[in-house]
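Here come two complexes built around chain A, the first alongside chain B, the second alongside chain C.
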Partner chain A sequence: MAVDLDTKDQPPPEEQALQAWERDLEHIGIMGRLMAGRKWHGADWWFVAIAIVMVAGFIFVALFPGLIAPFNPREQVGPRLLAPGETPDQDVLILRVGEPAASLVDFAGDERIPTGVVRGAPASEAVRDQADRITEELNGGGDERRVRLRVARFETLDEVLDALVVGDVALAAASSLEFEAVADRYPDLFVAGPVDSDQGGGQSFLMGTNQLGQDVFSRVIWGTRIALIIGFSASLFSLALGVPLGLLAGFAGGKLDRVLTMIMDSLYAFPGLILAIAIAAVLGPSIFNIIMAIAVLYIPTYYRIVRGQTLSTKEGLFVEAARSLGAKVRVILTRYIFPNVVPSVAIIFSVNIADAILTGAGLSFLGLGLPPTTPDWGIDISRGAPLMNQAWWIITFPGIAVMLLVLAFTLLGEGLMEIFNPKLRDR
Partner chain B sequence: MHPLLLTFMIFGIPALIGLLYVFVRGTPSLRRYIVTRVALTIPMVLILASLVFLVLRIIPGDPVTSSLGPKGSPEVKEQMRANLGLNDPIIVQYLSFLGDVVTLDFGDAMTSGQRPVVDELGEKFPATIELIVPAALVALTIGVLFGTFAAVRRKRASDYGFRLFSVVIYSMPVFWLGLLLILVFGVWLGWAPTGGRIDAVINTTLERTTNMLTVDSLISLNWAAFWSALHHLVLPTLTLGLILSGVFLRLTRINVVETNEEDYIAAARARGIKERTVTYKHALKNAMIPVVTLIGLQVAILLGGAVLTETVFNWPGMGRYLVERIGLRDFTAVQSTIVMFAVFVALISLAVDILYSLLDPRVRY
Partner chain C sequence: MSNDTLYAIKDLSVEYATRQGNVRAVDAVDLDIRRGEILGLVGESGCGKSTLGKALMRMPPGKVVSGELLFDGTDLTKISDKQLRQIRGARIGMVFQDPMTSLNPIQKIVDHLTETIRTHQPKRSEADARLRAEEIVDRLGIRAERIDEYPHQFSGGMRQRIMISLALALRGDLVIADEPTTALDVIVEAQFLDLLRDLKNELGVTIVLITHNIGVVAEIADRVAVMYAGKLVELASVHDLFDSTKHPYSKGLLRSVPNIDLDGTDLYKMSGAPPNLLALPSGCSFHPRCPEVMDICSKVEPPFAPVEADGNHATACWLYQEQSVSVELRS
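Let's turn to the complex of A and B:
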C-alpha cells in the first residue's frame, strides 16, 4: 500500500528525468511561463507583482488626477513656500475693548478707517483684500457704503498695538500667533475675528506649497499624466518605426541591412539626451515635439533587438517550411517571424518607457520641454532649484515621483526579462 | 599649445601607442579587424554631422534673427546673413561644413562674441572631461566592488539589497540626485561647494595650460588651486558616478554569478584553492570582460548625464555650451559641439573594442 502511494506522488518517468526548469518552455504558453517563473526566481516574481501594482496605480492616478488632487495645480491656493504639514498663521482683526464694531463690515461708511499693520506683514495685504471684498458685496446688494482703509505701517507689532490703545488707529491686523505672544500686555485689546485673504487661511498642505502658492501635492499628481503620456507615446512611436525596420533589415539582409544598421548604430552610440536636446530645441516647446524628440532616440533600441532576433529566427525550419510552401514575404514576416520577437519587444517597451520618462524629465529640467505653467515634474524641479535653501520640499517630491514611476517600469521590464528569458535564470 | 589638442593628446597618445602595439603584435585577422574598425568610425561621425547639419537648416529661425531680435532692419540682417554665408546654396554650405570637419577648423561662432569655435571648445571640452573621467572611475569602483560582493552573497539579504540599490539609483533623474546632494552636503552640512569649478580668488593665481584645472594646478604645483578644484569636483563626480554605478553593479554581479558556475571554477574549488582567491582571481578576471564593453556603451549615457550635471552644478562644460548655443541658433557652434561629441564617442568605442579583442583572445574576427 505504502509503495503504491509513493509511486503516485512521483511524476511520470519522462518528466522525472527533466528538472522542472528544463521542461520545454516553448510549449507552455505565456501564463505557463509566468507560473513556472514564480518557482525559479523567488524575488523576481515579487518584483513583477509589485511593479504591476505600481504601474496600475500610476495609470489610475494619470487617468483620474482630479479625484486625488485636492486643488487645481495651476492656481494659487495658499501662502507661498509653506512647508509640508505646516499650518499658516491666521491673520486676525484686533480691536479695542468697548469698540461698538465687532467686524470689518461695521466700519462701512464714507470715511477712511485708520488701520495699523506691521510693515511687510501678510496681514496688511489680507485686510485690504477683505475690505475690498466687503465693499463689493455691499455694492452688489445695492448698499452704497464702502469699507475704505487708511493703512498706517509700523515697524513692530508693539508700535501697532500701542497706537491702537491710544486711538491713533481704529483697528489693527496681525498674525494671531504674534499677537497671542504679547496679548498679556494689552488687556484692552481683543481679537475680533479672522481676516481671510484671497489665499485662503489656516489650511496646511501635505507636501507644502511652491513659490507661487500652488499645492505641491496636486502638481505632483497632475504631473503623472504628462509623464505617462510622454513615456507611452514616445515608446510607441519608436516601436512603430523600429520594429518594422528591424524585421525588414534582418529579413532582407544585403545592402539595405548594412546601410540601415550603420545609421542606427551611429544614432545608438551618440548620447541620446544631447540629440534630444538638439531636436527639442529645434522643434520648440510643445508636448508633441518632446515626444518626437524622445521617440527618435529609441528607434535603434528596437531596431537592434528585432533585427538580431529576425536573423536567428529566419534560419528556423518552420520559416524554411513556410517559404517552400510558397508563403509570401509579408506573410512570413508577420505570421512566422513577428510572433517570435514579441516577447523581447514587450520587455524593451517597458524598460523603454522608463528611459523615455527620465529623458523627458531631463528635457523639461533644461527648459526645453513644455510651457512653464504645465504641472510637470521636470519643470517643477527646475523652478524649485533656486529656492532649494529655503524650501526643500519643492524639488524633493516631484523627484521622488519620477523615481517611483521609472522604478515601476524598470522593475517590470527586468522581472519580465528574467522570466521570459530562461537563459538568464537565477541571476 | 592649444588646450583642445593637449586634452586629446593626454588620452590619445597612450591609446595610439597601445593601438600600434596591438597592431604590430597581433595576428593578421586581428590586424584586419582593427583596420576595418578604424575605417568604420569615419562614416559614423559623418552621418551624425550631416544629420545635425540637416536638422539645423530645416528648422525655423537662424542665428541672425536670434542675435538681432525683431529690432534689426532687413538690410542689416541681409548683410549679416551674407557675411555668415547663410545665403549660399545649401549644398555649398554643406560642403564647406564638411571641409571644416575634415580640417578640424570649425570657423567662428555665429553669435555672442563670434570667437573661433575651437577656442571656445578648448575651454569647455577639458571641463567636461575633467568631470566625466572621475565619474566613470567612481561608477566602475562602486559597481565592481559591490557587484562582486552581491554575487558572492547571492540570494541573501545583502544581495537583494544591492540589486534594489542598482535599480533605484538607475531610476533617479541625475539632476535631482545632484540637487539633493547639493542640498544635503552643500547647504545643510556645508562640506562641499555647491557649484563652479574653483574658488574665484584662487582661480586668478592659476596658470592655464590644459584647462583641466586639477591637471593645470598639478603642473604648476599650485596646491591651493589643486585642493579647491578637487573640492569642487566632489559633488558633481559623485552625482554622475552614482547614477552610472547601478548598471555596472548589475552587470558585474550577473557575470560573476555566471562565471562562478563554470567548470574551471569548480575545478579550482576542487583543488582546494581558497574561496577568496577563486572569486577574485579566477572568476572576477573573466567576468570583467563584458564590463569593459559596457564602458564603451556607457560613454553616451555619461555625456548625456554630464549635460544635466553641468547645468545643476553650474559647470562651464560642453553640455551647457550646447544648450546655450542651440537657443541662439548658432549653427557653427552647435555643429562643432556635436561633431566633437561624436568624435569622442567614436574614439572611446574604438578603444573599448580593441581592448576587448585584447582581453578576450577567444574572440575571432
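Let's turn to the complex of A and C:
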C-alpha cells in the first residue's frame, strides 16, 4: 500500500480549534453525554436527573397504588370534608380505667345502664340509637339480651365526667374533641372507642376527605394510574399515526405531501381542547374514547416535526450515497431516515405526555371524561371546585399532582432536547 | 462497441424540471469510458459534470431525456428500477464530495459495508460479509478493528476511503468520484489520489474523476473530458490536453490555475460568466467569452469532431473544423 497511514488518526484542522473537552465529547456515549452535560449546559443536566427520578416515582406509584394508598379510593372511609391531618369529631364512649367492658355490647343484660350525657348534645342521640341497634342485632342473632340505658342528662361535660368518676353513671358518651380538651383533669377516665363502632377509629387523613367521605390521598395515588394511562396511550397513538405519516409525506413529497399537510395543518390550527371536547362528546365517556380524542389532537405535532426532519434528512448526502449503493426505498426509510428522526420524536413524546395529561384532566373537569367514581385528578378538581372556600384540600392536592407530573415530563423532554440537539448547545 | 470500452455514453441529454422550465444540464454528450482508465471530467461549477456523473447511474434529480447509457453492453436507460438497483453499488459505485455527510451518522462503518454487501448478495451470511468488510477497509488503509466505530470518529480523508470501500465492497468495475478531494486538505488529497491510482493499477478499477481542479487531473488521469454549459468541448489524453490544447475554453481553464511562478497580477481570469442554461447563446455556447471568436461561432453550433487522425483528441470548435463543413452547415 503506497498510502502513508501515519496521518489517518489526526483530526481535520477545523476540529483542532475546539476545546479539548468538546473534542472528547465526540467520543463518548449517551450516558457519558449526560454526565458531561454540566460542562456545556450549566445546571441543565440536573433538570434531567430530577425529572427522571420524578417520572420513575410516578410510574412506580401508578404501577403499585395499592402499596401506598391506605384506603379504597371509591369508598367512604371517614367523615365528610375532614381537613388534612385533623382528627374527626366523634361521639365516643368514655369509661373508668379498670372497667372490664370496652364497648356498648359488653353492657348487654337486663339492667338499665346509667349513662351520662350532656343535655342536647348529639352524643345522647347517638348512644341511644346505637344501643337500640345493638339490641336489634343481638335479638336478630337469637340472643335474648338487650342493651338498655338509663340516660342521665347533665348541663356540662364536667358534671358528666365527675358523675362517672364517682360512679353515679357507668359510662358516658361525649364528643371526642370536647373530651380531649379536658382529658388531663380526668386521669381515671379513658376513651373506649366510638359510640358507633362501624365508623372506624376516628383517624385523621393525610390530605383530608372529600364531600363523599373518600380519602383524598388515596384518590390522588390511584389517579396517577389513570393520568399516566391517558398520557401514555394518547401520546403513543399520536406517535403511531403521526410518525409514519410524516415520514411518508416528507419522503414521497408531491400531492400526497400537500394533501396530508393541509389536513394536519387544519387539525393543528383548531383550538385543541375544543376539538377534544367535540370528539369526546360524540364518542361518549369511556377511557378509550378519551384517549382517542386526545390522540387525534396531537397527531399533527408528530407529523410536522417528522415531515420537516425527513425533508432535510433525505437531502443528506448519505441518503444519496445509500441510493448509489443500490439500497431499496424501504431500507432508506427505515435505516437511514427514521433513526435520524427518532431523537426529536422521543423529545416530543415526553413533552406530549404532559400535554395529554393536562388535556385529559381538562376533559374530566368538564364532565366529558370518565365515570364520576373513577379516581381521576380532573374529576376530583372538578368536583372540589365549588367547595373551594370550605375545603381547599379537595382540589389542591390533585392540582399539585397534575402540576408535578406535567413538570416532570416537561423537564425530561426539554432537558433531553438540550442534550441531544447540538444546535441548542451554545445557547 | 470495442471490447476495451466499459461504458459507452451515446447522445446523452439530462434535464432538470424547474419553475422556469426544463434546464438541459447535459446536452447530447457522446463519451466512451475505457476499461481500466481514470477519466477526468472537468469544467467550472454548473457545467453539468456532476449531473453527467449521476446520470451514469441514473440517479436523481436529473432526468435522462434521450440517449443511451451502454454499461458493459446493457443500456441503463431501458432496464427496470430493480435491475438498476442491482447494478448500483454492485458494479458502479459513487464517491461524493463531502465525506463528512456522506455516511449515515448513526450507523457503524461495518453496518454500512455489510448492508451493501447483503443488499446485493442476500444469501451471504452476516459473518461472511463482515470478513469481506474487514478485508476491504484493510486494503484501503484503515485498521480492520476500527470498522466497529461510527463515522464521526474518522477524519475526512478516512471517511472518503470508507466511501471508496463501499463502492468497491463487491468488486465493482466503475467508481464515479464526484469531487472527492474538494473537502480534503492537500496532504490528505495527495494520499487519496495515490490510493486511486493504486486501485486502478492493482484492481483494474475504472474511475471517472469529476473535478474542477485541473491539477488533480494532471496528477492521475489518463484522459480528460472538458465540459462547458452541458456539452463536451474537448476530449483528449491528459498529455495532449496539456501540451496541445485545442478549445479556447480549455486553454482558459489551464491558464486560470494558480502557479508559483506567476506574479500576483499574472493570473488569468476568463472574461464573462457561465451562461444561463435556460437561455443559452446561439451557436457555440462559449462564443460570448471566447477570445478567438469568429463570425460563424454565434450562428452555427460546432460539431464535436476529432482533430487528429487517430481520433483520440476531439473538440467542438470551429477553429479546427474544415471550412467546407461550416459552409455546408450554414447553407
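Here is the rule we use: the second predicted complex is superposed on the first by the 292 of 427 C-alpha atoms of A that agree within 3 Å, B and C clash if a C-alpha of one lies under 4 Å from a C-alpha of the other, contacts with A are read in each partner's own complex, and residues count from 1 in each chain.
Rule of thumb we're sticking to: a residue touches a chain if its C-beta (ideal position, glycine included) is under 8 Å from a C-beta of that chain, and two chains touch if they have at least 3 such contacts.
Predicted model, so just to flag it, every value in this text is computed and none were measured.
*Asks:* As a test of reading the superposition: which chain, chain B or chain C, is in touch with more residues of chain A?
*Replies:* B
*Asks:* Could you say whether A:I353 touches chain B, chain C, both of them, or neither, answering first, second, both or neither?
*Replies:* Once the two structures are laid over each other on A, A:I353 reaches no partner at all.
*Asks:* Which holds for A:V220: it touches chain B only (first), chain C only (second), both, or neither?
*Replies:* Touch status of A:V220: no partner.
*Asks:* Considering only touches as defined above, state whether A:K328 meets chain B (first), chain C (second), both or neither.
*Replies:* After superposition on chain A, A:K328 lies in contact with chain C alone.
*Asks:* Considering only the touch criterion stated at the top, classify A:I381 as touching first (chain B), second (chain C), both, or neither.
*Replies:* First partner only, chain B.
*Asks:* Between chain B (first) and chain C (second), which, if any, makes contact with A:I277: first, second, both or neither?
*Replies:* first
*Asks:* Applying the touch criterion given at the start, work out whether A:F318 contacts chain B, chain C, both or neither, answering first, second, both or neither.
*Replies:* Once the two structures are laid over each other on A, A:F318 reaches chain C alone.
*Asks:* Determine, under the contact definition given at the top, whether A:A391 touches first (chain B), second (chain C), both, or neither.
*Replies:* In the superposition, A:A391 contacts neither chain B nor chain C.
*Asks:* Following superposition on chain A, which residues of chain A contact chain B and also contact chain C?
*Replies:* Common interface on chain A, chain B vs chain C: nothing in common.
*Asks:* Which chain A residues qualify as touching chain C in the complex?
*Replies:* The contact residues of chain A facing chain C are 1-5, 7-13, 26-27, 316-318, 320-328, 331, 335-336, 339-340.
*Asks:* For the complex, which residues does chain B have touching chain A?
*Replies:* It is residues 40, 43-44, 47-48, 52, 55-56, 58-59, 155, 160, 167-168, 170-176, 179-180, 182-183, 187, 253-254, 257-258, 297, 299-305, 307-308, 311-312, 319, 322-323, 326-327, 334, 338, 341-342, 345-346, 349 of chain B that touch chain A.
*Asks:* Provide the residue numbers of chain C that touch chain A in the complex, in ascending order.
*Replies:* 57, 59, 85-90, 93-94, 96-98, 101-107, 115-116, 119-120, 139, 141-142, 152-153, 155-158, 163, 166-167, 185, 187-188, 191, 194-195, 197-198
*Asks:* Using the touch definition up top, name the residues of chain A that touch chain B in the complex.
*Replies:* Those residues of chain A that touch chain B are 42-43, 262-263, 265-267, 269-274, 277-279, 281-283, 354, 358, 361-362, 365-366, 368, 378, 381-382, 385, 388-389, 392, 395-396, 399, 402-404, 406-407, 410-411, 414, 424, 426-427.
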